[in-house]
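Just below sit the structures, each encoded as structure tokens.
Shared chain: subunit A. Partners: subunit B in the first complex, subunit C in the second.
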Partner chain A sequence: MSEVKDNKNLSRKEVSYNKLKGLGEEIIEDVIKKDIPSLKVPSRGTSNIVYDDAKRYFVLGDRYGKRSLGNVKQIKKIGQMVQVANFCKDLVQREKTATLREMYYVSEGWDIGFDNQQESNIVGEDIEVTLGMSREDLGLMPEEDGASVYGNIILKEGDVEIDALKSGKSGYTISPTIDEVEFLDHDVERVIAVETMGMFHRMVQEEAYKKFNTLIVGLKGQAARATRRFLKRVNEELNLPVYICNDGDPWGFHIAMVIISGSAKLAHVNHDLATPNAKFLGVTASDIVNYELPTDPLKDIDVLRLKELSNDPRYRDPTWQTEIKKMLKIGKKAEQQSFSKYGLEYVVDTYFPEKLELLS
Partner chain B sequence: MSEVKDNKNLSRKEVSYNKLKGLGEEIIEDVIKKDIPSLKVPSRGTSNIVYDDAKRYFVLGDRYGKRSLGNVKQIKKIGQMVQVANFCKDLVQREKTATLREMYYVSEGWDIGFDNQQESNIVGEDIEVTLGMSREDLGLMPEEDGASVYGNIILKEGDVEIDALKSGKSGYTISPTIDEVEFLDHDVERVIAVETMGMFHRMVQEEAYKKFNTLIVGLKGQAARATRRFLKRVNEELNLPVYICNDGDPWGFHIAMVIISGSAKLAHVNHDLATPNAKFLGVTASDIVNYELPTDPLKDIDVLRLKELSNDPRYRDPTWQTEIKKMLKIGKKAEQQSFSKYGLEYVVDTYFPEKLELLS
Partner chain C sequence: MSQQASELFDNFQELTPSEFFRKNKQMLGFTGKIRSLTIVFHELITNSFDAAEEAGILPEIKIDLKRVDKDHYILRHSDNGPGIPEDYIMKVYCTMFAGSKFRNIQSRGQQGLGCSGCVLLSQMTTGEPARVKSAWEVDGELKGADLEFKMDVKKNKGMLLNRKSYDPKHTGVCIELEFKDVSYSLAEQGAFEYIRRTMIGNPHAKIIFRDPTSHKYIFNRAADMVPVLPKEVLPHPRGVTADDLIFMAKHTDKRRFRSLLTSSLSRMSNKRIAEIEELTGIDLNKRPKDMKWEEAEAIVDAFSKMDFMAPPTSGLIPIGDDQIEDGMKEILKPEFIAATTRKPVTYRGGVAFIIEAGIAYGGDAGRLVNDQRKSEIMRFANRVPLSFDQGSCAITEALKSIDWKRYGLRDLENTPITVFVNMISTQVPYLSTGKQSIAPEPEIIHEVRQATMKVARKLQKYLRAKKAAKEEAMRSKIFEDYVPVIIRESAKLAETDVPEFQEVLAKVTRRSLAELLGENPDKAEEEVEGEFASDLDDTIENDDNKSEETLENME
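Presenting the complex of A and B:
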């Protein structure tokens, strides 16, 4: 693919199209040169997933596998890759998208099909890593929508302008095609993402968007890819600091950490998804103690998970290490909503201001 | 509560406030009359849940339990009911809402608290059935948002006007406070609700909203209470026919049926949630055969569930009985997205027009 460059003047769509076309051209060139056509596919095995200290997220290492039409066992796999790449090229060209599920069904009409959807998903990922692009760039969309956004920002999707203060109380929903969205204008100083829609609605109701001049993002649990992309974009393109407030337990910690430092499984696209400058605002073990929050005892599985986190390179930072140790020591966890012990308004009137001051 | 009337000139909020206040006044009256204060709470036991053939949904029967301050075992329960009713009255008065989780945490500051959240949830339900109002009317909101809506309708939330064609590709999100939303204007002839966001995005992309002059509603699986309320309101207030298109399996059938005829568990609020005129558009067992869809074999649990449905009064209709029998006979199920076998556009270009004509 030496002739295909990531030209900065090209749109993401054009780059995708060229890369997909390049994959086929590479095979044709081999045929013309009478070489045996082959493709290099970067390895996604555990041993090739490396934590990059400078980038502060997981990346893929240098190892790759070669798939050659000279190897009988690999012929079907190459055929599948070419079919999927062709399907994606068609999607990009026609400005359409499809879910992985739809692609699997569409493949029923192909000469080389799949035995099950898992197989077609894996070939989709093969194309992602081979081209170094995320599947959204290839027109393959996840089923799920992203987070809800409320606050003073104007976005543009196609020719439609959207005001995230005027999209209803549940806000603007980040769509899977977030990379096609333009940021037209905004008047906020920061972004606060919260784990649950319960807390999102609390913040809208208490007018946290005014009080902290912030966007409010309701993650709905583990952040969807589109949400992570949105947070990265507002952080890097609009220079807005991003704060994450989740439940005070290992699962809440890790929902934040996947936003901050990406996941190992998606090492090949973390450069598009991770927001290493995002900060964890709480709920921390220290908060549980300092605010005397209502708690639940840690379960065995919580303890196990906390111990795993403490050995994870993404949690190397001393603050994380301290907080994990402290939670193990007190043996307790607490939810975001537990601040309601002091009244519904407390979290916005007292907790957020105090924590934001500490972090800024 | 003889003095409190459902006056049509009062807003839902005012009715809620009066009913909540009435609950306390009833107790005070008993005290003044030197009677032993007691409350009548309609029974939610299985034997008091009746399918109403005329209404076409489950309702509560006439049985009720009496809770009296003269019974030592019931004193705590009455105390809890009064506390919760008072908390709700305060919410309604201050135009606030809280989640059940928040209420549980708030209750930590009360003289009469709860041992766990399940206990406080049940008391919340006690108030609902006693007053014959849904908990949203009492300010107690579910955590989850409702469906996504795309199409030509203008809504008003507070002083904000929302155009569901201009809220982004993922549409307008129905918020838990859907009863406060006004329908200002629309230019559609029908509503089509689909089970998955994958299908929702397919319909937006293929411009189904134009082709069928329809609102598109993405249910995201089992419909949230706010979604069911929205569908009922557009059906009854705007006279729009509602069609539901789900996966062709017992779970898809039942997601539709809960929208149409409500659930047994919520018999006390089905009058606000059920849309008996909504129609199931597909995917039916007949569709699986007629369109030669890609299928999966029915699992044991699917067969079991289909047999349960065939004995459920909500499925008495001969069409349902035929379709359930047919699915059991072919032993197969199919997803909405399986129409992609014929290309991404097929479902909008061919399937929907054919089925809509059959049903109208």
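Presenting the complex of A and C:
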């Protein structure tokens, strides 16, 4: 087993704490100087979200709005931001987490409240963007479950050591607070993420983790932020190549692409979430043809989505362009499970080895 | 069974005006119980006003209405006017079509029927005599008479029942009449509302009214000037008919057509006379009594083809903006008021008129309906409130045609405003004998619209400013509420003491005021934020989010 790199949890906590404190200091300094306090909040309108070719994911541009205490429309937002920041600082300090919904209920007791949860969610995002941090760093947790990991890796959550190979057939469930999890040890060469839990269980049953010396990650559809963070961390901290296997349709393509290049909506935290080195394993349009897979015809909405993808800068790569065109041309899509046409073992015995060889 | 002509004419009778109106009292406006009493108030009040003004006295009227029984009242009405000399008292109150109001002059009443009509109604419904106490001045000496009389309808004159003399303290007339089949009401058409409106149109008057419940209302005068008396003006050529010309020709002392025309009509010069001769071929040096009907018709026809200056307007005396405002302030105690008086113009090419309009907002303006104030229209003609027949009236039509939303009045119906419109003219084109609505002549409608829209614009400006002030107060409150919280929370965040922030708070509040006044303190900052804010609202949910949702649905 190789030595895991030293973890950065403690420093992350400190950074979060100091950044939140700094927000307050910025305002107090202005007050002492008898200036009207203001905050710079990066704009996250579409026109300020740009695809960074070098980084290979979406980043925020340099446009920002200034929120002044002297503006009647902005003062309430500043008040809400400061209160949320205090709430988060307390969470970080006490090493607790809360969901956005919980924060919304706590805010009932604040002097400057929210009209609805949508408003509090947006202010949460405002702070993420302003401080350049993810909400997990602020102690605010998403409510959705993380995905499952199965394979030879040992993690440490607080005082508990977890062996993902000995956590039952469903594996280890990625915690929303994945940044606080330490990687203690592992003995794998790669990570293969699959879109559905059906495929995840198939791979466990066929002992794919042994055959390919891999971690298996079940994404459960669109990958949660914690899952994306997990994939990025194993890729960067453990130097493991990441492969993604999804359905052969525009939606499957895009689940993979959000893991690889990040989402526009979360452009301000993509540096923590995107895994530009991750590779799309399949199912491609070429696979549909080469393996003569059972298919469904493309629906109108699929065609529309494929056309959208072909204009998306994240799909500028010639391979993607070819695959999108090919799918439009054959007018067909296929699910991962369609390999079962050749028997339940086929996908692990034949398809994965062939594709992995192709990509390496 | 045929009758001879002589037999048929055995029953032939001559009908006096009194007899005629006894049978046709609706022609005097006496229809309905509420309306009848309102008309009585109207006749007595206008008569008192006219008399006082002609004598240069500020009118002061006391009205006392006692209820005897259901639909049965005793009315006592006294004024401070010049009084009526004894010889004329019964002529004024018992002889119909007697009076001084048959001239081309702006006046409240016109037909000289008013007072005698009231006596007639009283007598017809109760059989009781009228009682009049009059006090007048002769060569600096006050004289008084106290008469009780009835109207002899057959003879169209008074019948004295009792005479007393008394020692008056000041001039004036006091009349006491008893009525049945009338009803006192607080409705919009009722007697009380009539007085209230009269006070708005006549701010120089004072009325003390004791209602049937003995409640005493004192309507004080808002202006201390007796209105300038309107002058009689000669008729404008466009306003006369062939019959008018023949009538003038019969009763003139002029020796020639041309001098008849120049002396009886306004805007008639020698140049115009020559023009008429040219157009009609009539020799205008003829004697007036030789004028034939056909010639009169030809001349009237010529008038319609000629260009005349507008009629002189010296005969028109408007109430005036200031006085309208004073009157409305006194009665409606509004929070906002605006009034305007238009320049004189003509309708039908030859009748001069002036439109005045005012708007009162807030306070007691508007009608009170179940504790909620609604908008109301007050129509006037020569200062006299028009209470009935508002449906087809030029004023109502003009006001209805205005797009009130343009003036910030989204829900006019439920706005506490009173719209006042007065038409001043020597000939108000009433639609019916009741004289309660004005014919919708296009020129009149136009003027009413223009006048009202002008005051509506002022109201709009006021309402805007009021809204801005309210907003300002709200803004200040936001800052006062939020700034301390934010600085306290920021200090907690920064783990430091709360600094002194009064100066920053003052700065912020001042800045907000400047912003409101349009002096944008830092425009550039605002613009960036504006863009940001719209970004936030519109595009926070972008493509990824959509696809994520769709994916979730697919699962």
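The working rule: the second predicted complex is superposed on the first by the 350 of 360 C-alpha atoms of A that agree within 3 Å, B and C clash if a C-alpha of one lies under 4 Å from a C-alpha of the other, contacts with A are read in each partner's own complex, and residues count from 1 in each chain.
To be clear about the criterion, a residue touches a chain if its C-beta (ideal position, glycine included) is under 8 Å from a C-beta of that chain, and two chains touch if they have at least 3 such contacts.
Only a predicted model underlies this, so the values are computations on that prediction, with no experimental measurement involved.
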| item | value |
| --- | --- |
| First, second, both or neither for A:167, with subunit B first and subunit C second | first |
| Contacts of A:264 with subunit B and subunit C, given as first, second, both or neither | second |
| First, second, both or neither for A:177, with subunit B first and subunit C second | first |
| Subunit B versus subunit C as contact partner of A:310, first or second or both or neither | neither |
| Which superposed partner A:64 touches (first subunit B, second subunit C, both, neither) | second |
| A:73 touches, of subunit B and subunit C: first, second, both or neither? | second |
| Partner chain(s) touched by A:45 [first = subunit B, second = subunit C, both, neither] | second |
| First, second, both or neither for A:254, with subunit B first and subunit C second | second |
| Residues of subunit A at both interfaces, subunit B in one complex, subunit C in the other | none |
| Subunit C residues touching subunit A - in the complex, by the definition given at the top | 475, 478-479, 482-483, 485-487, 489-496, 499, 501, 503-504, 507-508, 511-512, 515, 521-522, 525-526, 528-529, 531-536, 538-545, 547-548, 550-552, 554-555 |
| Residues of subunit A defined as touching subunit C within the complex | 20-21, 23-25, 27-28, 30-32, 34-38, 41, 43-49, 63-76, 78-79, 82-83, 85-86, 89, 111-112, 122, 220-222, 251, 254-255, 258, 263-266, 301, 305, 308, 312 |
| Residue ranges of subunit B in contact with subunit A within the complex | 96-99, 101-103, 105-106, 108-109, 141, 143-146, 148, 155, 157-158, 160-162, 165-177, 181, 196-198, 201-202, 205, 294, 335, 337-344 |
